[in-house]
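One structure, as structure tokens, below. Some questions next.
Order as written gives the chain letters A, B, C and D; numbering starts at 1 within each chain.
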Amino acid sequence: MNFCSDNVTGASPEILAALSAANGGALASYGSDKLTERVEARLKEIFETDLAAFPVATGTAANALSLSLLTPSWGAIYCHQDAHIAVDECGAPEFYTGGAKLVDLPGEHGKLTASQLSDALARSGKGVVHQVQAAAISLTQATEAGTAYRPDDVAAIADVARGYGLGLHMDGARFANALVFLDANPADITWRAGVDILSFGATKNGALAAEAVVIFDKKRAEEFAFRRKRAGHLFSKMRFLSAQLDAYLEGDLWLKNARHANAMAKRLAEGLMAVPGATLAHPVEANEIFVDLPETAIRGLTADGFQFYRWLGEDKTLLRLVAAHDTKEADVTAFIASAKRHAARANERVA
Amino acid sequence: MNFCSDNVTGASPEILAALSAANGGALASYGSDKLTERVEARLKEIFETDLAAFPVATGTAANALSLSLLTPSWGAIYCHQDAHIAVDECGAPEFYTGGAKLVDLPGEHGKLTASQLSDALARSGKGVVHQVQAAAISLTQATEAGTAYRPDDVAAIADVARGYGLGLHMDGARFANALVFLDANPADITWRAGVDILSFGATKNGALAAEAVVIFDKKRAEEFAFRRKRAGHLFSKMRFLSAQLDAYLEGDLWLKNARHANAMAKRLAEGLMAVPGATLAHPVEANEIFVDLPETAIRGLTADGFQFYRWLGEDKTLLRLVAAHDTKEADVTAFIASAKRHAARANERVA
Amino acid sequence: MNFCSDNVTGASPEILAALSAANGGALASYGSDKLTERVEARLKEIFETDLAAFPVATGTAANALSLSLLTPSWGAIYCHQDAHIAVDECGAPEFYTGGAKLVDLPGEHGKLTASQLSDALARSGKGVVHQVQAAAISLTQATEAGTAYRPDDVAAIADVARGYGLGLHMDGARFANALVFLDANPADITWRAGVDILSFGATKNGALAAEAVVIFDKKRAEEFAFRRKRAGHLFSKMRFLSAQLDAYLEGDLWLKNARHANAMAKRLAEGLMAVPGATLAHPVEANEIFVDLPETAIRGLTADGFQFYRWLGEDKTLLRLVAAHDTKEADVTAFIASAKRHAARANERVA
Amino acid sequence: MNFCSDNVTGASPEILAALSAANGGALASYGSDKLTERVEARLKEIFETDLAAFPVATGTAANALSLSLLTPSWGAIYCHQDAHIAVDECGAPEFYTGGAKLVDLPGEHGKLTASQLSDALARSGKGVVHQVQAAAISLTQATEAGTAYRPDDVAAIADVARGYGLGLHMDGARFANALVFLDANPADITWRAGVDILSFGATKNGALAAEAVVIFDKKRAEEFAFRRKRAGHLFSKMRFLSAQLDAYLEGDLWLKNARHANAMAKRLAEGLMAVPGATLAHPVEANEIFVDLPETAIRGLTADGFQFYRWLGEDKTLLRLVAAHDTKEADVTAFIASAKRHAARANERVA
């Protein structure tokens, strides 16, 4: 009954099975194997375009390496102030870019807007040697607030990026969750809208530890291989990364997992709306819920053994609840019931 | 019949099984789990001392992160000219240290000596602001030549390191292979001899992708956690790294695997000594063989489907042959037979 | 009639003369000369304490090198959002620190406060591996708004810094201007208040190109020499940097220059207050004035040949006017007269 | 009577005078001034081509910034093992390039050869992800051994560079000394021969602290301005750097100074050849002499007050003697006489 994050979960059985299946016999190392080739081929089909795909094991590596292709060391990367790259990666983008600057902007429900970016870039001192130079925009899809950029949102932001000659990165640690919510074509919310590089997440959605850096603008791909190796993110037994991604894509497991997680989140949100005093901070569009609950309900849930984060600090009543590929409906039901029961008791006492 | 490297192999069945066993239920992420704790506890037992252990997924990450603890950016790291850190990591140590310099020295059979290091350090310009400052020594155990430093070798080099105030790193990508050859106590060839940080390898010896950075000098460990995270090498689902290491150590699987690989290498070497014209470039002390074979034998072996590297380039007759945890005795026997057969035919033609 | 900045000026004649005086004969290079020694001795007297002083040629070098002593690459430096290090150095602090993060905070009249820093640091995730770690605070004295921190302000902020184990840096590009305004003892607004490292500026106040990094916490000085050399900021003919600083300090030239600049700024501010519609954005405590003037006055001044910056952009009526060591009283008088005349005409037209 | 280096000298009177001449009135900062423009124009004339020129204050800055334009962080820079960038800059190239590798090669009389580079590059693992990628060659002109590359030497090496797609940098800290020795056209030993970037030295040849980075391949120049600023090497009062370079070039002062230094070195070398037991280690082609002298002569010279370096260590009899723009003929004569006298006495004693 752990709703802390989608990274407290294990892996999908299909993905574990794929590791065993990949284990037989000698295979060329460092990615010169058929499995790795097949993962790239699958991604080309899914995204309906030529692309270069590089498996890595963590989202931080995927993001930081991606950004290092899009900015010089004296560049600036524009992102939401709650973006994982800005607050949860211990400065990995700065490390990988040789000290580029993250310009973090506010934005309702975790989203940036084209007009806001346009304004910020107009003031950014382009060509002025004293200022870092705008080089990239990074969007998170789904956002850190559990919402999703619509295809038009992405396209409008990409237009701004192109206007200023910037690269556009998408942190897709929860890309599948956004995709199934939007019921969109993967191409339409990425390269067709103007995304240059996508961190295509799998770990949070059923893999053990696997992400793919998907580079749509292939001329930017040339240096990726060197950067990945130099950072120690090139696996010698690459088959074991690729096997995870292969199984993740096989038979649309990735979409199935994301649909389940989203459905559980939606059910949880709907159930909690019946709790007196409960309010949602953001629309629930993916697998995360940000809900304000009465303190008594929170304490009761904790006493009942549910685990979750108080989002803004230990004295706050805003909770983040994350559903995952393996969240059980029974746990969701039990969570709602517990919240209702404890909230009701509090009201009785007050009454 | 692939003798290219110990990284073309798959994983030990016990390690794959451990992944499945670790998969059940929610578990705290980022290493705050019991499995990760147990790996550290096991390593404390094995090395008979307190220590800090940090799982990472690649040897390059283990080495480069380790070295970043031992040198400032204006420091120099002394190593063998064939060391993995010097020639096979695309500059990862330079990246992680902010541009420290590798001073690479020659040395017979892949080994550095205390007297050679002492001489080099005496000329190193200590305190002179124009020169990078000697900061660390890195030894590879087993070496890139398939040989092993004796405990006394390590201790003598550690004495030199201490005399100059340097840190001592050991690249133990094949630590187990050296250990079983030496029939030594793990503590005696590491911290008791003066090693500060060990890259404790598992990937080449049966894991999928797992190494542990073992920090004996715990005051140096404080910053490791931040450096690992910042580099994208902290796994969210850490259980899957730790499970590999746990199974690797359980029941001495690591030693069993290394003994097998070494035995196969020894058998291969002995067999090849019966091939006319064959000579060994280095003593065979671990799981690697460097053997000079007649060109006809090499071509014949290739024709028979054996895979291996010509070590110094495509026109050279020095081969590197690597045995691994899963090398089959039958393949070794076949290799020897093929080599003999083709060498003999060549002699017939000459005669 | 150029009020753009104190860096559009030339050098004090005394400082130019010192270069010639230093020119005779051979002298040990790289700072092993008597002049460099004397500069350090003078600074020890002025600051009434032991210290280490390192001449460099630019303020950006002084600041960025100083900060590199106070933070690891995964650290955060807290500063005002208008600080030179945050907006005018093209990311030099990020470059020199290996990618540390500047956390820029707002603050009235260019100043940070102890309580604001205390609040920010309480939320900073100390010890949390996912977040960069607070490592230093940088204050600008005089500030970018032309104001000065009082000794108590500095001490209160230093208390916060100590409480969190942070280093305290002072960007003193206009240190002399603040000092003479405060009529303070140099020690009292630096090390006695808790400053660890001071970028002691001279360039803006009469030197050609000379600053001294003054390190009060001498154990932090050990690595400075290597960092300076490695960055190409160690002059071979150091005498020519030191001679500037020596003449700057000789006979209190630095204080005399700053008093003149401040007096000119004060006179300018007072005069402009008589211009209808003119308002000051900040108290005038050093040599900079931020004044809002009617658009007609601005255009008139430009037509009359005065040079200055519109501070927030080309469509804004807030001007920054900077007085310097060599600003002529007649120019100040002429500026005021021009502003009055053009503002009055505008009123006539309106009437 | 100091022959330690050409950086123990002062500045040419003409250059000091130029500083005073540049001091009058306000002038746009950061290089937007006429003097800086004129320096670039003069360099265009001298090199008979369009180019971009950036003044900086030190040779280390000139070299390291130049190299940062020519290599990615995973690149390798090929240079002579005695090159200033390899042994005297405390790792500045590594710092500025984000950790690129210097591959230092031996070479008679301080010179690399085209065939040697060609061999080394053929073995460099181009395109192999595990190895750093050859990116640039750096030549020193005049070399650290006091010799000069002939135009054909440079052209042959440039051919190799082009063949491998490498940039070609020339460290011209003593460019003028080589030029006057070769009696060459500046264009012929730089861009026409294939040099992309030249560190055009002035400090050692009469300036206080001034070098120009001359970028012939202007498309590489775009990023230089940002890199220079970000490193703190952009002077606010740029006029004082440019004035030095302007006076240095005016009336061929730079050639006059270099001719004098070379003549003094030649005279010194010829004189010392009459000392019994004296041998030259390298041809004397610029302003440096490497001479092996009898120990008694060395001690006698020291006792007579002459200063110089024993080149390979305190127990070695190879001296480096450097003549400069202001070396007095009388000092040279006195040095020779002292050496002869002390060497003769030793012989008497032996006899």
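Here, a residue touches a chain if its C-beta (ideal position, glycine included) is under 8 Å from a C-beta of that chain, and two chains touch if they have at least 3 such contacts.
Because the structure is a prediction, the values reported are computed rather than measured.
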item	value
Chain pair, A-C or A-B, that carries the greater number of C-beta contacts	A-B
Option reproducing the contacts of B-D, where over half of them reappear, out of A-D, B-C or A-C	A-C
Distance from the mean Cα position of subunit C to that of subunit B, given in whole angstrom	52
Subunit A and subunit B: spacing of chain centres that average the CA atoms, whole Å	35
Mean-CA-position distance for subunit C and subunit A (Å)	42
Overlap residues in subunit C, where contacts from two or more other chains coincide	30, 73-74, 89-91, 95, 98, 129-130, 226, 229-230, 234
Parts of subunit D lying in touch with subunit B, wherever the complex brings them together	73-74, 87-91, 94-95, 97-102, 123, 129-132, 313
Residue numbers on subunit B that touch subunit A, as the complex places them	1-2, 4-5, 7-11, 13, 16, 19-20, 22-30, 56-65, 89-92, 95-96, 203-204, 208-209, 226, 229-237, 239-241, 307
For the subunit D and subunit A complex, residues of the former touching the latter	30, 72-74, 98, 129-130, 133, 223, 225-230, 234
